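Presented sequentially are two complexes of subunit A, the first with subunit B as partner and the second with subunit C.
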Partner chain A sequence: MVDNKQQWKAWLYLSPAIILLLVFTVWPIINTLRMAFLEGYSAQAEVGGATFEFGIGNFLKVIEYKKFLQCMQNTILLCVLTVPISTLLALLIAVALNSIKGLQKILQTIFFLPYVTNSIAIGMVFAAMFNIVGSFHGTENEIIQTAGIINNVIEFFGGERVNWINAGSQYWANITVMVVYIVWNALPFKILVLLGGLQSINAQYYDAAKVDGTSRSRVFARITVPLLSPMLAYVIITGFIGGFKEYTSIVGIFGETMGPPDAPGRLNTMVGFVYEALENKHQGRASAAALILFVIILIVTRLNMRFGKKSVYY
Partner chain B sequence: MTTSKKNIVMREKDMQKVSAQQKVVQALVKVGVYAFLLVMALIVLFPFYWMLISSVKTLEEYRMSVPTFWPQKIMLSNYVEAFTTANLGRLFLNTLYVGLVSTLLSLVITILCAFAFARLEFKGKETLFGLMLATMMIPGELFTITNYQTVTQLGWLNTFTVLIVPFLVSVFYIYLLKQNFMQIPNELYLAAKVDGTSDIKYLCKVMIPLALPTLISITILKMMGAWNSYIWPRLVANDAEHRLITNGLRNAFTETTGDVNYPVQMAAVAIVSAPLFLVFIFLRKYIMAGVSRSGIKG
Partner chain C sequence: MKVVLENLTKIFPSRNKKSNEEVIAVNNFNFEIPDGKLIGLLGPSGCGKSTTLYMLSGLQKPTSGKIYFGDDDVTELATEKRGIGLVFQNYALYPHMTVKQNILFPLQNLKGEEKMSKEEMLERAYYAAKLVQIDELMDRKPNELSGGQQQRVAIARALVKMPRILLLDEPLSNLDARLRLQTREEIRRIQKETGITTVFVTHDQEEAMSISDLIVVMKLGVVQQIGKPQEVYDNPVNLFVAKFLGTPPINVFDGKIKGGKVYIGEDAVMEVKDAADQDVIIGIRPEGFNLDENGPFHCKLENVEVMGRDVSVVSTNAASLNPVIRSIINSDNKVNTESETVRYSIKPHKMFVFNKETEERIYFEVK
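Now for the complex of A and B:
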């Protein structure tokens, strides 16, 4: 029996949250759909009295737009590279951490440190490490003052210096820097979750394996990974979702030009595209791009879950 | 007789040999594990180290073609310069204000909402909660486009309001707190009702103290969110009076490649990072507890 007084009270307590959600969450969902399906929609023009026809023109424009394809390529490339690398590294580190006793707490703290950073601020540190300082514009006869610590290390080991992020740098070099930075940034969360999962695995499994004289690699493949699979699925899914929304880490390293000085926008991502369209007052196009992003995230999550169902042991 | 005895002796020797071998392998594995972890830890720490030592170098030293791993001369004046060039004092106060006010309001809204979901019975409770959880799947960019229009129409551009109000409700925090509230036995609430205690008094006296760890986690994550937010503030409040710290940092040092005055820039980065580290050192437990359940950054 639900008494009326409780009903009334409940809605009173819920009201602040519901009002805010209606204005800043529910209305945007409806409005984004509306804007996306109105040909060439612009809010400024609408205020001026313009009307727009219903259609899928915004989506076609976005998909045909060369810049968007570049953004999508960058986003997917970064996802496909960083998620497996960071997951594998995090798994190795978590398993190693779980197997030791001494130094475990302090190492755990160190590995969590990148999490509590500001991705713009530390992006600037990474930029400094990769940057060639001097009047360097990617042409002949440069005055190079310092090639940056990463290049110094490469040269110390007998390699050749690389133009990572400066003018005249190659696309693959830019992507490498981004992958290093994103993996560094993504490790803490994954290690935290995986280590938590490892610590909750019942020690009896390992004891049984020991009695049977099972080899280390077999224990890892047949006990650790299967029992850890829910956590692995979780970090992979959240990794992909985060990866598709990549934006600030690129601003951190390359600034708002989203690319080296001679190729602005080369590293732009899908989220970056949405904001660019928004700033240029193409709300219709921005909405269409945001919806495409949402659908991609949904599909990838679904695929991950379906794939996960076959390999996740609960 | 003798041969069988011999056999046994040999077998024992073999066993000893095998166990000695195993011990060596185990020791080697242990060394390998530690070596791997230490190398990875060094890689993880290196950017912080580089930030700190670069921030106290002179410009000449930073630009030496052979890098120094310990500053020859410690230039603390870089920090003073960073503080003034980026106007960090103002940015600090702005961010602190936005962070505190939004955390406080957000806590009140979240507590009331979680209480209603955890303790009260009303029609459509499950449906409403399910719908709210479903909104968590949608990427924030989708909301930003319309929210930008909404706040423009409300005349909120370049105010503190625009930085606070749109993000007051977090479905995730409501979910987290609701779960926590539900662990508190309902009998306590019924007993309080019999005694004629008001809901608010019960909330303050029983629920809030019992759910304190979750509330602390929410507070820290919310404050860190204000500290690290970049996209929205840049869009809606990018004037000198209302600018937040991350935005201000990026604005003050737009050059990322070429001829950059890195020592000062690194000093600014160190100043901006310091509060985060302090919070982390003292409140690590709460941050980790909140983070492992959310999967979101800030």
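Now for the complex of A and C:
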């Protein structure tokens, strides 16, 4: 222990980090709490000299708001769909990558590429793939639409063209596109973590299993997955946290309208709602929504960890 | 189940692309392991003993040669179809399973006709656990067990399927000295009780000698000598085997055979028949010396270490290839510690003579 006379030195050395944390992390959190619990708070009005009463009006407004419920539904739906799908896919790809020899390095790089690519850029490419790109007038003034690659593939196999993201598209079609995009975007990090985990498993466990004539599926279920469980838990927990903060991916596909042109805001998420409220200068409402999101993430993470305690081997 | 190895060879291709040096891990190994015996594969690291074990297990495929279990050619047979039990050097117990689950695991893999009911499996698992005396620990996880207990669990897991052959890779190397003594007795007992042909690998000659029915001494992939431990100790075929077996190690000297006499340095220590004149290397076991006031072999006395039953006399001689000569003498014989020299006569059956170039044993009769 440092004696008391020397303690100021310790504080001095810590001060750069502490000051930054206080300014950019601690104060915003406190301020969010303050703004959320002041009725109808608006920063602009406060600067103008207005005072606000303490109360939970912001929360009530947010919850009553139909748009917010839509945002919550979208967020939860995307989370529940994408986290299991991406985790499962990442696990399978990681196991496959781990078991091949020759092209491992190249494939690893390919699978990692999305991670280092801007997600808005990826979103635009995805949008182009699912889009009905444009239309032109054919002979006899009939309107012919050109489709993105996905619809072309569907047509090639004799299917019917689907309106994925354009005006007049269905909610489920929008969600499907979002799930494909988010899963694809989430894969690289998960593959990386799981592959690292796989490579740290002692090969003798597999030799032992081989001697005992263990089938491949049983090796996977009884040895690989349990020994990988810490990594899986990590990937799932961070996946849910990231999923609840989903925002840029929607912007990437649909732009700032957060939905098809004829139904703006249909795919908005909770973070999107917060941004929107801030844009409309309802800082109080935005803070309340942010706190609700925080509580939801806290509860889900606690549940994840409690479930994890039983099934994760460390 | 007897096991036959026929011209067994394993060559590892060179890892380094620049040099094309392949490694011959096991070179033309021929051996018939008799049924129900405990065999020790013995040699320094890199001698191919573990490779041989893994070829027996099927985890490695031989480059050439055949392996027979009984009359079945198993050379091409997959590991799981060979009916072997393998205990890994670091046990490879599944860390997330309890002891019981670990032991049950091989049984749960059985399919088709071999498939067992839950009760049968449990019965078998408890039988195996009792055999290695861990039936009290069935609900623990491996990391809650001591090294010795983990070792037993690994043996139980290998035994539970009633393998035709039990293979142990350096079974004692992860245990401390006391546990090692205990566990080697244990392995011997379990092997006797089950009667399963057992092959184990070790670099510790004492370990191999103390429990094996037969030992196989290997060096750089080549089998040097196969035999009962005592026979190999008493009759090494070359200098390597003589040096590798025995604690304290054998004393080695530069010497020659000239005119029917064996010389160590200038001392003619023995008269022999039918031996051509040549330069030789002479090995004498520590117990091969008799204190003898008129003995032919002169050494400079350095030190006497009392060990109770015996004394260990440390001396030097110009011809010695080891820094000191160590002889074990019954403590009834009093060594004159005041004297500067000590004289020995040599017990003929404890002295081995080797060709200086080939290091092969030279056999002769003592006059």
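Keep in mind that, in the parts below, the second predicted complex is superposed on the first by the 295 of 314 C-alpha atoms of A that agree within 3 Å, B and C clash if a C-alpha of one lies under 4 Å from a C-alpha of the other, contacts with A are read in each partner's own complex, and residues count from 1 in each chain.
Keep this in mind: contacts are C-beta pairs under 8 Å (C-beta built on N, C-alpha and C of every residue); 3 or more make two chains touch, one makes a residue touch a chain.
Here the structure is a predicted model, which means the values were calculated and not measured.
In the superposed model, A:Ile223 makes contact with subunit C only, not with subunit B. In the superposition on chain A, contact is made by A:Gln7 with subunit B only, not with subunit C. Of the two partner chains placed around the shared chain by superposition, subunit C is the only one that A:Ser215 touches, whereas subunit B remains out of contact. By the touch criterion defined above, A:Arg161 reaches neither subunit B nor subunit C.
Judged by the number of subunit A residues each one touches, B leads among subunit B and subunit C. By the touch criterion defined above, A:Gln204 reaches subunit C but does not reach subunit B.
Common to the subunit B and subunit C contact sets on subunit A is no residue at all.
Residues of subunit B touching subunit A in their complex: 29-30, 33-34, 36-37, 40-41, 43-45, 47-48, 50-51, 54, 62-67, 108-110, 112-113, 115-116, 120-123, 125, 128, 132, 135, 137-150, 165-169, 171, 174, 199, 224, 227-228, 230-231, 235, 246, 249-250, 253-260, 262, 265-266, 269, 272-273, 276-277, 279-280, 284, 287-288, 291-292, 295, 297. Those residues of subunit C that touch subunit A in the complex are listed here as 57-59, 79-81, 84-86, 88, 90, 92, 94-97, 105-106, 109-110, 161. Those residues of subunit A that touch subunit B in the complex are listed here as 2-3, 6-7, 9-11, 13-14, 16-17, 20-21, 23-29, 31-32, 35, 43, 89, 92-93, 96-97, 99-100, 103, 107, 109-122, 124-129, 131-137, 144-147, 149, 152, 165-167, 184, 187, 189, 192-193, 196, 216, 234, 238, 241-242, 244-245, 247-248, 251-256, 260-261, 271, 274-275, 278-279, 283, 286-287, 290-291, 293-294, 297-298. By the touch criterion stated above, subunit A contacts subunit C in their complex at residues 202, 204-205, 207-208, 210-215, 218, 222-223, 226-227, 229, 313.
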